[in-house]
Amino acid sequence: MYELAERLFPICRSITGDGVRQTLEILKVEYEDLQVYEVPSGTQVFDWTVPKEWNIRDAYIEDSQGKRIIDFKENNLYVMGYSLPMDRRMSLEELKQMIFTQPEQPDVIPYVTSYYQERSGFCMSENQKNALQEDTYHCVIDSDLKEGSLTYGEIILKGDTEEEVLLSTYICHPSMANNEVSGPVVTIELVKWLATLKRRRYTYRILFIPETIGSITYLSQNLEIMKKNTIAGFVLSCLGDDRTYSIVETKYGDTLADRLLKNILQYHFPDYICYDFLHRGSDERQYNAPGVDLPVCGVCRSKYEEYPEYHTSADDLSLISEEGLQGSAALMKKCIMALEYNYFYKLSCCCEPQLGKRGLYPTLSQKGKYSDAALVMRDLVAYADGRIDLIEISNRIHTPIDRLIPLIDKLLENGLFEIVE
Amino acid sequence: MYELAERLFPICRSITGDGVRQTLEILKVEYEDLQVYEVPSGTQVFDWTVPKEWNIRDAYIEDSQGKRIIDFKENNLYVMGYSLPMDRRMSLEELKQMIFTQPEQPDVIPYVTSYYQERSGFCMSENQKNALQEDTYHCVIDSDLKEGSLTYGEIILKGDTEEEVLLSTYICHPSMANNEVSGPVVTIELVKWLATLKRRRYTYRILFIPETIGSITYLSQNLEIMKKNTIAGFVLSCLGDDRTYSIVETKYGDTLADRLLKNILQYHFPDYICYDFLHRGSDERQYNAPGVDLPVCGVCRSKYEEYPEYHTSADDLSLISEEGLQGSAALMKKCIMALEYNYFYKLSCCCEPQLGKRGLYPTLSQKGKYSDAALVMRDLVAYADGRIDLIEISNRIHTPIDRLIPLIDKLLENGLFEIVE
Amino acid sequence: MYELAERLFPICRSITGDGVRQTLEILKVEYEDLQVYEVPSGTQVFDWTVPKEWNIRDAYIEDSQGKRIIDFKENNLYVMGYSLPMDRRMSLEELKQMIFTQPEQPDVIPYVTSYYQERSGFCMSENQKNALQEDTYHCVIDSDLKEGSLTYGEIILKGDTEEEVLLSTYICHPSMANNEVSGPVVTIELVKWLATLKRRRYTYRILFIPETIGSITYLSQNLEIMKKNTIAGFVLSCLGDDRTYSIVETKYGDTLADRLLKNILQYHFPDYICYDFLHRGSDERQYNAPGVDLPVCGVCRSKYEEYPEYHTSADDLSLISEEGLQGSAALMKKCIMALEYNYFYKLSCCCEPQLGKRGLYPTLSQKGKYSDAALVMRDLVAYADGRIDLIEISNRIHTPIDRLIPLIDKLLENGLFEIVE
C-alpha cells in the first residue's frame, strides 16, 4: 500500500483537472471496474455551480539574477490552488502581497486555495519569505482556468440486498500524504478485499471524489437512491500515520455508523478520539447536511485540522507508513464484517437451549469453574431475543463482535439462532 | 422602575381588599389597558371558596402609659394578615399568646397570615417581644372581614397567533420589596416593551393576581383557553435584588419554558441556580397542579424562601435596586425574543449552500483562518434540518440564541432558510 | 422460621427424587393448599428433556482397615449430585481421579453435580484429600438413576384481578442453608401472610421448583398464561444471612420488578448491591430467556456465587439466623404492599385542593414553619396527575412508599384521589 501511496503522492491534484484524472487512472490499475465520470463546468449542482477546470504546468519566482526562489516542480504547494496564470515582474513589496505563509510554523509551506474567487498567489515558508531581499522578481504561473469538467470515480459492488454501505474518499489535494493519498490507498485496498468475499449482504458504493464540490455534485445526481438505500457510510481520510484512531460523529451521533464505530473502537482502540459533529470538515459535512441527512461518519487516525503537519508541506511521505495504512485497512475490515453480521438474532427455542448436549457448555457444575467462553456463549444466547441488534448485544455483554461471530456461526449451524427479518 | 417600586411599597396589600385595588390603579397609570376584575366572596373556585374581603385601617398596642409599643402606620407587618378586629386590654402573658416572632432572626418582624382560619395576631421582632414589661396593654385592630370580592388585573396583548405566553405575578403582600413589588414592577416594564414590538408572534397573557387563591380563581375562569393555547409561562417574583438568577422547574422539568430558561441562563448567567419542582412555592404550584398541567416555570433572582430577608421586615426597599430590576427585565426580554424566534428552521436547498458567494463565508481556504463567526454560521446551517428547534440548535452548537438571531435574519432574507410550520 | 430451616436442612435434595418430595411435604404442613406435581422422566420441555430420577440411600469410602474416610450420612455433600451407583475397591491414585475439592478453600467440601452426563464422584475438602494415604479404598455409592419424575410445588393465591405476581424459589440442593433452605422458608412465610390479607389486588403464583430444569419444565406447561398475566416476579434465594441485600436485574433492567426493588431498597437499605443481568445465575435466567421474557428479578441478601460459603459445606445453619430470615420476609412484604398500592393516582379536582380545611395542611402561614409531613402531602398531591405511577412519585419526591400509603388512604377516603384504570 505504501508503494501505491508513493506513486500517487507527486501528482498535483485540485478539485478539477488532469491531476484527478491521473490519480483515477492509477487506481483503475488496482481495480479495473472503477468508473470515471466527467461533469461539465457550469453544471448547476444544488446551490453550487461546477467550476471551471484548472490545470497547471509550471510556476516559479526568479530573482533578478535568474535564480529560482521557488519552483513548482520541486513542490506543488508553492502555488495557491486555482491560481490564475501570470507572468509579471514586481518589487519585493508587491510580491509579499501575494505570498501566504503559516507564521506559527515557520519551516513549512502551507496549503492554500481560492476555488471560488479568482486570484493568484504563492505559498512558502515564513522563513523563506523573511529571507527575501529587495529585488525585482519574475513571477510566473503557467496555469489555465477554463471551461472543462469535474472528474470523479465510482465503484459499485453489488450485494445480496439493495441496502448500501457508502465509502467515500477524496482526491483533490496536491502532494500531501496523510491528508490525501492515505484515503484512496486504504479505500482501494478495501475494494479489493470486498471483491473477494464469498457473499456480501450489502451493496457497497465507493466514491473517489473532490472534496465538497465533488460530494455535492455526486449527491445531486444520486441523492434519491442513496437516501433510499444507505444504511451507513464512512468518509475515509488521514489514515496513514501511526497515531490513534478518531471518528467524527454524524449530526446527532446516533446512527448505525456511529454505533458501529464506537462499538469496534471501544474494544480494540479504547484510547480512540470521538469528535462530535461540530468538528466535521470533510465530506461528512455534505452527507449530513439538511436535505441529505445520510448516516455517514468520518474515520481518521490523526484527524484533519488536529495534527501539526495538516495542510502543510510537512504532510509528506515520511508521515505515513505501511503499518499505518495496514492498520486502518484492518480496522475498516473489522467494521465491515461486524456490519455484515449485524442482524437481530432470535433464539429458535423458548428458555435457554441445552448447550451442554451440543458441546457448547460444560456438563459438570462446580463454582468458579465456568470458563469465560462458556459465559460469553450464555450471554449471547440470553440477549438473542430479537429486540436488539448485534452491536447492542456486544455492548451489553462487554464482548467484541469479532469474538461473537464464530459463536453465531455455530448457533446458526445448530439451528439455534434465527435471523429476524 | 425603582421609583414605581417606591410608590407601591407602602401599600398594605393582602389577598383581597383595597390594597390590591390601589396597586392595580397605580399599574394602570403605567399601562392603561390593564383590566381589573372583581370576583365576589363565596364564589366556588375548584376546591376553594373566594374568602371574605379584609380591610384594615389602623392597629396598635399601647401600654398603660398610652405609649405605643407597635403601630400599624409605622409598619404594616405588625399585624397578622387577615386579623379579625379587636379592641381589648390584656396582661403581658395574654398578649404574648398573640405575638409571632422569628426567633432565629431576632431583629426582624416576620410576615404571618391566617387567611382561612379566623384569628387575630400581632407580629414583632423577637427583641421587641423580649423587652415587653409586665403591664396592661391596650390592643387594637381596626379591621373588617366581610363579604366583598377578590380583585385581580389582566392584560392581553394579541399576537399573530393564538398561541400564548403567560406572565404571572402577585400583588398580595404588604410592604415587602423583593418578594412583592419587584414582580409587578418588572412585569409592567415587560408589558410596555412588548406593546412596542413591531410584531408579536405570540399572544401574551399577563396577570397581576393574589397568590394561590388568585391563580386558582383565574384558572377556574380561564382554564380551557389557557390549556389550549399556552406554550410557555413564567411566574415572576423576587426580581429586584442583586444576587444571581434562579428558576423553578415545572413538574417534570422538560417543557419549553424549562428548556428556554436553561438555555438562556447557561450562556449569560452560568452560575444561576436551577431549583426542581419540589422547591416550588409561588403560583407555579397551581399552574403545574394536576388537571392544570401548564408549562410554567418560576423566575427569580434570590428565590423566595431561600434568602434571609424573605418574609420579614428586612425585605424592604434597600434590598432592591434599579440595576437589579433592570437586569431582570433585560433577562426576560432576551427570553421572550428567543421564544419569538424559536421555530424549526429548514434549509431551503440540499447540501450546504454556497455561503461564500453571498459574502457569508470566507472564499480563501487556509488552515486556522476561519473566523469563529464563519463556524457559527456553518453550524447553524448544518442543524437547520427541520428536526430540532432553535433552542436545541443553540444548545448543540454552544452558541447563545441572541448571537444566532441576526444570522437567521440574514438567512431568511437570502431565502436560504424556511420556517417549518 | 429458623426452626423450619432446621427441619429442611438435613434432607438430601437434588433436581429430582425423594428429597424434593420430603421437602414439599414439610412445606405443605405450613400451607396446605400447596399443590405437588410430578412430570415423568423423558418428557420433552422446550429444548430439554426431563432427566431420570436420582435417589441415594448411602455412600462411603472405607480404607483397608474398614475405617470410613467419608460418610454420606454425616454430610450429603460428600457425593457428587447425580452420581451413578458403584461398589469398587481402588488404589489411592485411582480414587483421586474421582474426588472434587475446592483448593482455594481447603477446609470445605464443595458442592458438585453432573446432571446431564452420567458420572460418579466424591467431594471432600482439599485437606482431607491431601491427608489420604496409599491404600486400597472401598468406594460405595448406593444410588439409583432411573425413569421416574421431576417433582415441584405450586400455590396460587387468587386476587381481585388476573394480573399476577410470581414468587419462585428452588428446592434442589442438598444440605445448604443460605443457598437452599432460606428461599423456601421465606417464601412460605410470605404465602401465609398473603393468605391473611383482607384483599389482594394481584393473583400470586408461588413456585417451589428445582432450579433450571424445574423452571423450564414449569414454563413449558404455563408459558402462555404467565406471559399474559405476569406484571412482576421475584426469584427468592440466599435470604437467611445477615449481610446486606442484593438484586439481580432483568435482562434490560427496566421492568416494574426492577423499578420496585430499586425504589424500596434505595430508601431502606441504601447500601444494597444491584447486580446487572450478566450476574444472573438462578431461575431469572429462564424467566428472562428469549421467548419467555418475563419481568422477573432475583432477590438475595448475599448473592449466590458472591459469598465465600456459597456451594460449600460452610453454607450451613450457622450462616443463617432468625433475624436474617425475618428481615428478608419483611423486605418482601414491603415490596408486595408497594406493588398492591402502585396505581396511577389522579387528583379529583383541578389545582391544589384546599387541604387546610380538611386538617391535612397548616392554616397559619409563616416561613420555616411547614412540617416535613405537610410538604410530603403537598408533593404527593402535586404529582397525582395520572401520568406516573406511585413508584415514580416516590422516586421524584424522595419519600418511601410506606410513608405515602397512609396519606393515600386518607386522600382516597376524602374523595380527593382517584385511581386511573
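A, B and C are the chain letters, set down in written order, and residue numbers restart from 1 in every chain.
Criterion: a contact is a pair of C-beta atoms (placed from the backbone, for glycine too) under 8 Å apart; a residue touches a chain by one contact, two chains touch by 3 or more.
Keep in mind that what you see is a predicted model, and the values were worked out from it rather than measured.
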Magnitude of the superposing rotation for chain B and chain C (Cα, nearest 5°): 120
Self-contact between copies chain A and chain B, residue sets same or different by half: different
Centroid spacing, where centroids are CA-atom means, of chain A and chain B in whole angstrom: 54
Contacts with 2+ other chains: residues of chain C: none
Partner chain B, residues of chain C touching it in the complex: 346-347, 349-354, 356-357, 363-368, 379, 381-386, 396-398
Partner chain A, residues of chain C touching it in the complex: 46-48, 100, 102, 104, 110-117, 119, 212, 215-216, 219-220, 223, 251, 277-278, 280, 285-286, 288-293, 305, 310-312
